[in-house]
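Before I ask anything, let me first share the structure, which is written out below as structure tokens.
Chain lettering (A, B, C and D) follows the sequence in which the chains are written, and residue indices restart at 1 in each chain.
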Amino acid sequence: MRARKQKVKTYLDKLRQRINIIIHGVNTPMGKIFDIALLFIILLSVLLVLLESVQNLDDQYHDILVLAEWVITIFFTIEYILRIVSTRKPLKYMLSFYGIIDLISIMPMYLSFFIPSTKILSVVRALRLLRLFRILNLGNFTGQAAELKLAINASRTAITVFVYFIIIISILLGAVMYVVEPVESGFTSIPTSIYWCIVTLTTVGYGDIAPVTALGKGIASLIMIMGYGIIAVPTGIVTAQVANGKNRRKVYAPNCPTCKAVPSSDDAHFCHNCGTKLGAILK
Amino acid sequence: MRARKQKVKTYLDKLRQRINIIIHGVNTPMGKIFDIALLFIILLSVLLVLLESVQNLDDQYHDILVLAEWVITIFFTIEYILRIVSTRKPLKYMLSFYGIIDLISIMPMYLSFFIPSTKILSVVRALRLLRLFRILNLGNFTGQAAELKLAINASRTAITVFVYFIIIISILLGAVMYVVEPVESGFTSIPTSIYWCIVTLTTVGYGDIAPVTALGKGIASLIMIMGYGIIAVPTGIVTAQVANGKNRRKVYAPNCPTCKAVPSSDDAHFCHNCGTKLGAILK
Amino acid sequence: MRARKQKVKTYLDKLRQRINIIIHGVNTPMGKIFDIALLFIILLSVLLVLLESVQNLDDQYHDILVLAEWVITIFFTIEYILRIVSTRKPLKYMLSFYGIIDLISIMPMYLSFFIPSTKILSVVRALRLLRLFRILNLGNFTGQAAELKLAINASRTAITVFVYFIIIISILLGAVMYVVEPVESGFTSIPTSIYWCIVTLTTVGYGDIAPVTALGKGIASLIMIMGYGIIAVPTGIVTAQVANGKNRRKVYAPNCPTCKAVPSSDDAHFCHNCGTKLGAILK
Amino acid sequence: MRARKQKVKTYLDKLRQRINIIIHGVNTPMGKIFDIALLFIILLSVLLVLLESVQNLDDQYHDILVLAEWVITIFFTIEYILRIVSTRKPLKYMLSFYGIIDLISIMPMYLSFFIPSTKILSVVRALRLLRLFRILNLGNFTGQAAELKLAINASRTAITVFVYFIIIISILLGAVMYVVEPVESGFTSIPTSIYWCIVTLTTVGYGDIAPVTALGKGIASLIMIMGYGIIAVPTGIVTAQVANGKNRRKVYAPNCPTCKAVPSSDDAHFCHNCGTKLGAILK
């Protein structure tokens, strides 16, 4: 009896290991096939959510779409359970970014029994598409993403300051346009005018609200030319950061810890000024 | 009697000092709490001005909004008086940027007794939000803002020249479009055509005015492609400036004062050409 | 008899050679004249396709346009046959980019006997305009195009990652706007909302769909400001690549193959650290 | 008699010299005052042309506007004659850029006697505003403009190639959209579709023509995202050029004429490799 139990346990352990290799593995052939198949099913499931929202299609193929939705939900549920079962640290997976996304991807369908309007939440599945990066070009992407992230991080403060200025400018100019333009031209309140100002400064320009008076058009022209110059600033900041990032991969010797002199070359071993030994850092 | 007067004066002096620490201080705990509380009230007061301009809300909650506006105005008035009283140089504060903004922020409500339409002026409060920078990330922001300012200052002449060219081009192309397009398509006058031209060159494109004739569409296409190329120029200028700014923080040795030779390295102490001692400058 | 045949063959060979020089040659005077004449006919033929699609013109000048179309098609057919006949490797030409374009440029007119709607395919002729580069500024263009291609290639991964992120963001934000906005404002389905989101993020902003609720306008404002910051990233990447490309033409010494030290100068012949001889590479 | 003639001639010569100083001079006080006064009159005259095109204003103030136009035209005529008379090389002035602009600025009013519709030509006066640069910040501007011109010149080939590609892409995509979209949505002909494509690629987006079918919206989305990436390329090219321009002002030692080695430093006097004397060039 005990021997049998042991045997079952060993069998289960092996099964878990095998599932683990298939689901979590990337470099194994089975793991790769599973990942690509999963990616297609995710794409299909996202497409399904999009199509369900189209009235015509939903009217005609309602039953088929609901059936497909259930098939996918059940498939994802099984996958979610297998992921939890097969890993040795189920909680770590469940609380990870992908673990939460995976859960939210299947919840809406079950919740829709109780609260019908939650079905839209299944669009969160789109985030599962991020797995693509892990699957397709692992090494290359990691480097690229890291570089992008570095550039964005480095520019963050400058861009925050910038966005903040834009919002304050939009409030002031929005109020001015609200006073200048008649209500009929769409500038019905200051918040609406601020919305128009952002639409204009970012050069989106829907045209649902547009100045009609001569003075309003004049101010709008100034705002646009200003926006034209303003758009250059965040671009410049990010560009400089990306360009700097490209140069940063080299090893730079830090300033001399003793006399603060800039080293004579990027890979100097001793300070050329006072002779202190220099350590190398990767900026 | 005199002793009592002296005591009162000492007490008042201490009070002033205490208010000073709370209102003007940044690094003290009380000063920080006051600053953050003030920021929330400013945000609230700006929101209030925005909401008052929405017809629906003003109709429904007119009394509440007016009451809130009075409460905030009185609070700001007290704050303004305390700021004047607590500082040793009241005139310096009153004539400073923030001093004037603080005054304009409370004036409209009192003026609205006499001239009702001045209420909109209270939107100037939005400028008080600039204090955020002083409160939140002091050190970091100062550097970022200084860098931005440097880049914008350095690019100013180039951008001014550029904007000037755009205006002249817009006048000429506006006149051309006015001649080419019929009045029905919205090109009712040359100023309107210039407005359209700026809307197009900056890629805002409202669509309230758009060419309808074949020739007009052809010219518009040329303007757009031109604008496409033109937008690159100010961006390029600012980017080059920002990128230069990043490199400028290093210490650069100036050219040799004797023979004008470029130093052999950025931290050379003597000219490699004629032996003159070099001073270091921070460009 | 045999001698005559030989003579005819020699004559044909000479003719083929001559045609070859005229059609395929670039640097010969006859080849240049032919190329420029061909370019004008291609331009004319493209113009013809465009004009045929204009209802007014087609109604009035239908017969003339059809005639011109036939004249050009027959001319292009003869040219196509001559190109095949005159070259020694007809299959290589036929399967080349230009060979396929040349065939597709003449097919539609013959196909239009059987399938009338294929006529539009003749717009592919526009691709024949690419020959312009070969004809006009050969040397200069090759360098420029190569540089552009290098910059685009180098930025490809970063931009792909970026576009992918934009699509995922658009799906999520599209779903949010679909929930927030009423159907009347144009957000009729999630795919339509995604379309709107792309129109907004790229700052195109048609205005055929635009938010009408306060919440929708707020979210739209956030999307626009985000897009404003986002547009900076691909620009920054390409700029950094182009700028790097400009600097890359110099000869750079590689890192030392023995001790991996960065060379002391760009044209060092020996490693300054361990004395290993360095080879020069063109990055 | 002869003496008197001589005296008159001397007087005229002095007068001419004086006029010359006032009209052509920039650094003399009188010349500066004249230039600034002239600039205001030019501004006024441009404003006049703009206002005349506004129907309302022209109806109300027709007589005043015509009078003002005549006063300015006569003033400009006198100025033009004085410019010719006062200079020693009248033909050189008359055939210069400003000479031709000055003539075109006064012609329309006189021509309007014979051909009424030529009055619009007087908008060319806007070009006279370019004198502003000469008047206001001479030294600074010359440098800035030269730098801009250098950057634009250097980027010209790359941008030309680029614009050419955009046009070919627009023709192909325009034809595709013409086939995909129904006539009712505004895609009435291929030229119109091309116009729409340019409006979209440049992110102007009027919205007068917009896709209505699902397929059309899909293709439009692809075009927009493509345009998003494309806009980065000319920006990158110009930026790299401007940034390079900034670095170019330094004196660079050329590669060694004997052994082609890159000099050891930017101001080396002798080749560090073979000892050849190096000349300095300003790139």
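Convention: a residue touches a chain if its C-beta (ideal position, glycine included) is under 8 Å from a C-beta of that chain, and two chains touch if they have at least 3 such contacts.
Model, not experiment: these values are computed from the prediction.
> Quick one: which of A-D, C-D or B-C reuses the A-C interface, over half of the residue-numbered contact pairs in common?
Duplicate interface of A-C: C-D.
> Under the over-half criterion for shared residue numbers, do copies chain C and chain D use the same patch or different patches to meet?
Chain C and chain D contact each other through largely non-matching residue numbers.
> Farthest from chain A in C-alpha centre terms, which chain would that be?
Most remote chain from chain A, centroid-wise, comes out as D.
> On Cα atoms, by how many degrees is chain A rotated relative to chain C, nearest 5?
When the C-alpha atoms are superposed, chain A turns by 90 degrees onto chain C.
> How many angstrom lie between the centres of chain B and chain D, each centre taken as the mean Cα position?
30
> Counting only residues that touch at least 2 other chains, which ones in chain C make the list?
191, 194, 203-207, 231, 235, 237, 239-240, 243
> Show me the residue ranges of chain B that touch chain C in the complex, using the header's touch definition.
Interface residues on chain B, with respect to chain C: 203-207, 235, 239.
> Given the complex with chain A, which residues does chain B contribute to the contact?
46, 49-51, 53-55, 120, 123-124, 126-127, 129-130, 132-133, 137, 140-141, 144-145, 147-148, 151-152, 155, 159, 163, 166-167, 191-192, 194-195, 198-199, 201-208, 231, 234-235, 237-243, 245-246, 250-251, 265-267
> Name, in rising order, each residue of chain A that touches chain B in their complex.
That would be residues 157-158, 161-162, 164, 168, 171-172, 175, 178-179, 188-191, 194, 200, 203-207, 210, 214, 217-218, 220-221, 224-225, 227-229, 231-233, 235-237, 239-240, 243-244, 261-262, 264, 273 of chain A.
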